[in-house]
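So the structure is just underneath, and the comments pick up after that.
Going in written order, the chains are labelled A, B, C and D, and every chain counts its residues from 1.
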Amino acid sequence: MPRDLTPSTIENTFVLKALTERTRLDSRSFNQLRDLDISFSSTDYGVVDVKLGRTRVIARISAEITQPYADRPYDGLFIISTEISPMAAPTFEAGRKSEDELVISRIIEKSIRRSGALDTEALCIISGEKCWAIRADVHFLDHDGGLMDAACIAVSAGLLHFRRPDITIVGVGSRREVILHPITERVPVPLAVLHVPICVTFSFFDVRKASAAIAGLPGKDNMKEADDDDVEEENDSSTTVLVDATLQEELLRHGYMSVTANTNREICQIQKGGDMPVEVGKLLSCAEAAIMVAEKVTKLINKRLKEDEARRNVGNLLVEARAENDR
Amino acid sequence: MPLSLTEESYLSVSLSQRPPCRPDGRDQLQFRPIDAAAGILPTTNGSARIRLDDGGECIVGVKAEVIAVSRPDDVHVEVDCDIVGLLPSSPLQNLLCSTLETAIKNSLPSRLLRITTKYRYKIFVDGIILDHVSHPLTLFSMTTYLALLDTRLPRLAPDSIGGNDNDKDEIGIPQFSSDWADSDRLCMSWSPPLVQLAIIVGKNVFVDATGEEAEVSDGGLLTVWHDGRVVGLRVVKTRDSSKQVFSINSISNAVEVLASASRDIEKALKEIRTS
Amino acid sequence: MPTLTVHTSTDLFSSSGLSHQAARSTNEEFDGEDVVMSDADSAEGEAIEDDDDDERLFSLDNNENGDGDARVTGLVKGRHIVTPGELVTADSMWMRGHGTYSVGVKSYSSVAGTLTRVNKLLSVAPLRGRYDPKIGDHVIGRIIDVGTRSWHVDIGAKQAAVLMLGSVNLPGGVQRRKSESDELQMRAFLKEGDLLNAEVQAVFTDGAASLHTRSLNYGKLRNGYFFTIPSSLVIRSKYHTFELPGGVDLVLGVNGYIWLRKHTQQLGEQGVSITRLAEEAGWEIYSDENEYISVNTRESIARYANAIKALEYCEVGVNEARIIAAYEASKEYKSPGEMIENYVKKRIVKYVLLTTKG
Amino acid sequence: MASRIEIYSPEGLRIDGRRWNEVRHFRCAINTHPVSSDGSSVIEQGNTKVICNVIGPAEPTLRSRVISDRVSISVKLVVAPFSMIERRKRPQNDSRIQEMCSSIQHMFEDAVIAHLFPRSQIDVNLYIVAQDGGVLQACINATTLALIDAGVPMYDYVCACTAGMLDREVLLDLNRIEESAMPFLTMATIGGTRKVSLLQLEMTVQFDRLEPMMAAAMSGCHHIRDLMDSEVRKHGKSRLERGSF
C-alpha cells in the first residue's frame, strides 16, 4: 500500500516550472475554483452529492431523538463524522486516523460545529429529557485534492436541505409525551441554520524554493529575502497562492491555509499549520478572497436548493397545503 | 542502558566484594544530593519538584475535589503518574502508583478529609517523571512526600460554621472561604508515608542506586516507612534481563539499612520550608 | 554516614544546587505572581510603545519591521554572542563557515554562540552542541548494531559512526586477508554493547564518521569504568591515552566518552618487536574477561571519576594536567564518596585552576 | 460568561490589570535540564508554565523515522492532569493535543535548517504543567528556546502570541478567562520579520476586525522575540564568563 503518492521529480519540476510562468496544468487562473456541482437526492432530505472537479464527497444528514447532555440540558446534539476510507485514496488506512485525516476532521469541526452554524438550542424538545441529535456523515468517494472544501460545502448544503419530521408534545409536567409525525402526514420542518460556512483552502508555493528544486539544489533559504532587499510590498513576488489545488498541486505545495468564511463577511476559522511562512499582508488578502468564494458557492447552493424544491413541488401540491391559503 | 560484558563484570565485582567500592565511591547508605522545590504550581493545592544528580526529575501536583460520599469512613485518594518514554499503564507505572496509593490510604486518617458528614475531599496525586536513569520509585515517593507537605485544603466559609455539625448538612454544597491564607495544611498532624528502594548485590545492600549499579544487582527491596516505623515491604525487580535471586538473610540487613535511610530522608525533607 | 544534602530552589526555573547553575543568571528575587506590567526586569518594562496612536489602526503597510537588521550589532572581535537570525556580515569579502546561512550577499547567524573569524572564514560556534567528528579524533564508542560487513557505533555525534570489518585488527595479525568466515563471526569480535576506542578515519558529507582500530592501542576496552561528559569540555591534545599516578590508565575520548581502567602493560611496551607484535595479537584483543583488579585501584578509579565530574560540574576544560591536579587535591578527602557534594567539587576546581597554568 | 465590564473595564483595564497591548509576565530560561537532554527550556507566560526538552539531532531510533534528505522532527506533548483548575486526565490520543503536535512539528521542520542533518532525528518533548491560556504560544516559544539551546541551526526565532477582539477592542496575549470570552487568534512569526509561520483562529469574527488583531499579534510576537533574545544573550554571556575553555 503506497505510503503517499509522492510524484516523481520530473513531474514536480514540470508543475513548478509551469507555476513560475503563472500557468496551471488545468489552465485555471490562480484564484479560480474547479467546476463545482451540487446535487440533492430527490427521494430523502439531507443527502447531497458534491463534485469539485474530480473530487467527490457525499454527505448524509440524519436526525433522532435522544437525551441531552447533563451539563447542557437546553442544547440538542450535533455530531459530524468524517471517516476517510481507502475508497477515497489508497493512502488512507481503514483503521488508524492518518495525520491529514485528523487535520480535515478538526477543520470541519471548527468550521461548522464550533462556529455555531446549526442552532442547537432550537433542537431542544423537552429541556433535560428529550432533544434532537443531528448527525452529519461525510463519505469521501474520490480524492483529487480539496477534501476539506468539498466536505464543508456538502455538510453546509446538507443542513440547509434537510427536513426533520414534525413533532407535537402531549401531556404536562413529568408525563409529557412526544408524538412524531411521519413526513407523509405533516410537512417536515427545516433546521435552524444560522449561517452557511464555506471552507476555502489556499496553497502556497515558494517560487525561489521552486526554482531551486528545478535547479536541483537542496532547499534554498527563503526565509529572509522577501523583506530586506526587494521593497516590502503587499504581494511580494516570492510566494504564489493557488485556490482549490488538485491532488498533484497539493502534494507539491510548500504550505497551505484553510479559511472558512460566510456570506455576512465573517471569518469562522483560519488554520495555517506552521508550514511555509507567508507574508502577513498576503494572508489577509487570502481571507478576503475566501469571502468572495463563499458568496459565489452559497449562491450556487441556494440556486440548487430552489431547483430541488421546485422539482419536489411538482404540480405545486404543496401550494394548497400552505397556511396562508384562504380556507 | 546496555552495558558491555567487561563493564558488567567490573561493576559486579566492585559491588559484591567486601568492603564494596561503588563507581562514585559513595558509602552503601550515602545519598546523592538532590534539588528540591515546593509550591511551584499555581493551579494545585500542593506541588513539588525534585531533580537528581543524574538528570532524573519528577514533578508532582496534588489536587483536592469535593465529593459526596455514602460511607463516611473510607479514604478517597487516587495516585497516578506518567513516566515519559514509557507507554501509559506500563508495569513500572503500576508499581509506582499502587505502592504509593495503598501506602497513603493505609496511613491517612479519614477525618482529615472530612468537610461535613455528607461531603469529603478526594485527593488526586498526579506525577510526571520527566526523565529517569535510575529506578524512579524513590524519586516519585520523595516528590509526593514534599507535595503532600505543601498541600493546603480550604476551610469552610466562616458564616456556615456557626451551626453545629449536623445542621451544616442542610446547607447543601459546602461554601469555602476564598482566602487562601486561612486554609489549613493537610500534614498538620499527619506525616505522609515514604517509600525507599535498596538494591542487593551479593551480600551488600546499596541505597540510592545509579542506573548502572541496578544493571548488575541481584534484586531490589522496597520499604514503606510511616511515623517512624517500617509498615510495608516488597521485593522488586531492578533489572529487566534475567531473573534475579538473592539470599534471604540480606533482607533483614536491607530492612535495617532502609529504615535508617528513611529516617534521614524524612528529616531532610521536613526541613525544606514549604511556602 | 547516610547524609542527604538537599538544595532548595524557589521555583521551576532556578536550580541552585545541581545542574551547572543553569538558570542562576535569572535573578532570584523575581516575584513569581502575576506581574501587572509586562516583564518587569527586561529593558522594556513598560507596555510596548505602539508607534501609532490609538485611533489610527496599527496598519500593516508602513510598519518598519523590527527585524534583526535594525539591531545590527556589528562585528566585534573576541567573545561576542550572536543569536539566530542576526545579521553577521553584509560584504562578500568574508567566507561563511558553520553556524551561518546566507541569503544573497547578506549572511545571518543560525545558532546562538560566539562569532569567530579565522583569516577570512566567518563562523559561529554554538554554545552547546553534540560532538562533531573530525578526521584523526581519538574517540570511544559503543556498538549499537552489527551489519553485514560493518558495525554501527554510537559516538555521541549527530549520527552513528560506521566501523568497517576491513578497518579492524583481526586475530592472526595484519597480513591475514579478510575472508567470508570473518563476516559470519562478526559478533565474535565485537557485539552490541561493547565499548571500544578508535580513531576517526573519514567523515562523510552528511557528517557521519567512519572509524578504524588498526593500531594496537585501539580495540575493545576492559578492566575499567565508563562515563561521559560534554564533548565541548575535552581539550584536544596529541595523545588521549594517559598513564596516571595510582596505577590507572585514562582514555579521554574527544567525544566526551571517558574510560578509566587499571594500568596494563601494553603489548608495545613489553619490549616485543614490531613484526612479532603483529602475530602476537591473537584472540585476547577481543576477550571479554577482566583481569584481577585490586581494591585500591578500584578506589582510585572512583576518585579519578569524581575528579573529572568535578571539572565537568564547573564547566572547566578537561586535560591530563587538570585531572591529576584534581586527583591530588581530592586526597584531602579520605573517601572519594565525599567528592559528590557540590561545595567539594567547587573547592577542588578552584584549587586546580590556581595550580595548573593556562 | 463573565460580563463585558468585568473583562475589559471602561478605563481600559483588563481582569489582571493589564492594558490592551501588554504581554503577560513573561519569563524564560534555557539549559534548565542539561543532563537529561541536548537542549532544554522553561517558559512562564502569566500562569501558563511549559517545560521543553529537545533530544537530538541524533541517530533515529526507528527505521521508519529516517528521511533521506533532511532531519525528521517528532513532537510529543504531555499535559499534566493538575495543569487546569479542574483535574482532568486526558486520553493519549486526544485530538486537540495531536493537532497541536502536528502544527508545531510542521512549523519547526521549516524553521530548522533541515537539510544539514539528513537521516537524523530530533525529539521535542513538551510538558504543560500549568495552563492559563496561550498554551500553544507557550509551547512554540519553549520549543524555539530549547532548539537554540541544543545548538540546532535555525533561520530565526519562531515566536508566537495571541490576540483577541472584544466587540471593537483588540486585546493582546489573553489568559484563560479572556480566551473563553472572545474570539482570538494565535500567530507565530519568523523572528522579527513579517513572515507568518502559523495562524490559527477558532471562533467567528468579522473580517474587518481581522487586520487589527493580526497587527497586534504580530507586534506581540516581535516583543516576545526580544524578550527571548535578551535571555539567550544573557545566558550566553554568563556561560562564557564562567567557563574557561
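In this section, a residue touches a chain if its C-beta (ideal position, glycine included) is under 8 Å from a C-beta of that chain, and two chains touch if they have at least 3 such contacts.
If you're wondering where the values come from, they're calculated on a predicted model, not measured in any experiment.
Participant: Under the document's definition of touching, what chains do chain B and chain C have as common neighbours?
Facilitator: D
Participant: Using C-alpha centres only, name the chain that sits farthest from chain C.
Facilitator: A
Participant: Of the chains present, which has its C-alpha mean closest to the combined C-alpha mean?
Facilitator: Smallest centre-to-centre distance to the global C-alpha mean: chain D.
Participant: Applying the document's contact definition, name the chain pair with more C-beta pairs in contact, A-D or B-D.
Facilitator: Counting C-beta pairs in contact, A-D comes out ahead.
Participant: Quick one: report the Å distance separating chain A from chain C, using the average Cα coordinate of each chain.
Facilitator: 53
Participant: Quick check: how many Å separate the C-alpha centres of chain A and chain D?
Facilitator: 29
Participant: Return the distance between the CA-based centres of chain B and chain D, expressed in whole Å.
Facilitator: 32
Participant: Which chain A residues reach two or more other chains?
Facilitator: Correct list: 221, 223-224, 227, 232, 280-281, 284.
Participant: For chain C, which residues are shared contacts with two or more other chains?
Facilitator: Where chain C meets two or more other chains at a single residue, that happens at 12, 15, 19, 60, 65, 67, 85, 101, 108.
Participant: Among all residues of chain D, which ones touch two or more of the remaining chains?
Facilitator: 33, 35, 47, 49, 51, 113, 129, 155-156, 190, 193-194, 211, 214, 218, in rising order.
Participant: Please name which positions on chain B make contact with chain C in the complex.
Facilitator: Per the touch definition, chain B meets chain C at residues 2-7, 9-11, 13-14, 17, 19, 21-27, 29-38, 40, 42, 49, 51, 53, 55, 207, 260-261, 264-265, 268-269, 271-273.
Participant: Sort out for me which residues of chain D touch chain B in the complex.
Facilitator: Residues 33, 35-37, 47, 49, 51, 53, 76, 78, 80-87, 89, 92, 125, 127, 129-132 of chain D touch chain B in their complex.
Participant: Chain D touches which residues of chain A in the complex?
Facilitator: These residues of chain A touch chain D: 99, 102-103, 105-106, 110, 114-116, 195, 218-219, 221, 223-224, 226-227, 232, 255, 257, 261, 265-281, 283-284, 287-288, 291.
Participant: List the residues on chain D that touch chain C in their complex, please.
Facilitator: Going by the criterion above, the answer is residues 16-19, 21-27, 29, 31-35, 38-39, 42, 44, 46-47, 49, 51, 56-59, 113, 116-120, 129, 148-157, 190-194, 211-212, 214-216, 218-220, 222-223, 226-227, 229-240, 242-245.
Participant: Tell me, which parts of chain C touch chain B in their complex?
Facilitator: Counting only chain C, the residues touching chain B are 1-12, 15-19, 33, 142, 192-195, 220-227, 288-290, 293, 295, 298-299, 301-303, 305-306, 309, 335-337, 339-342.
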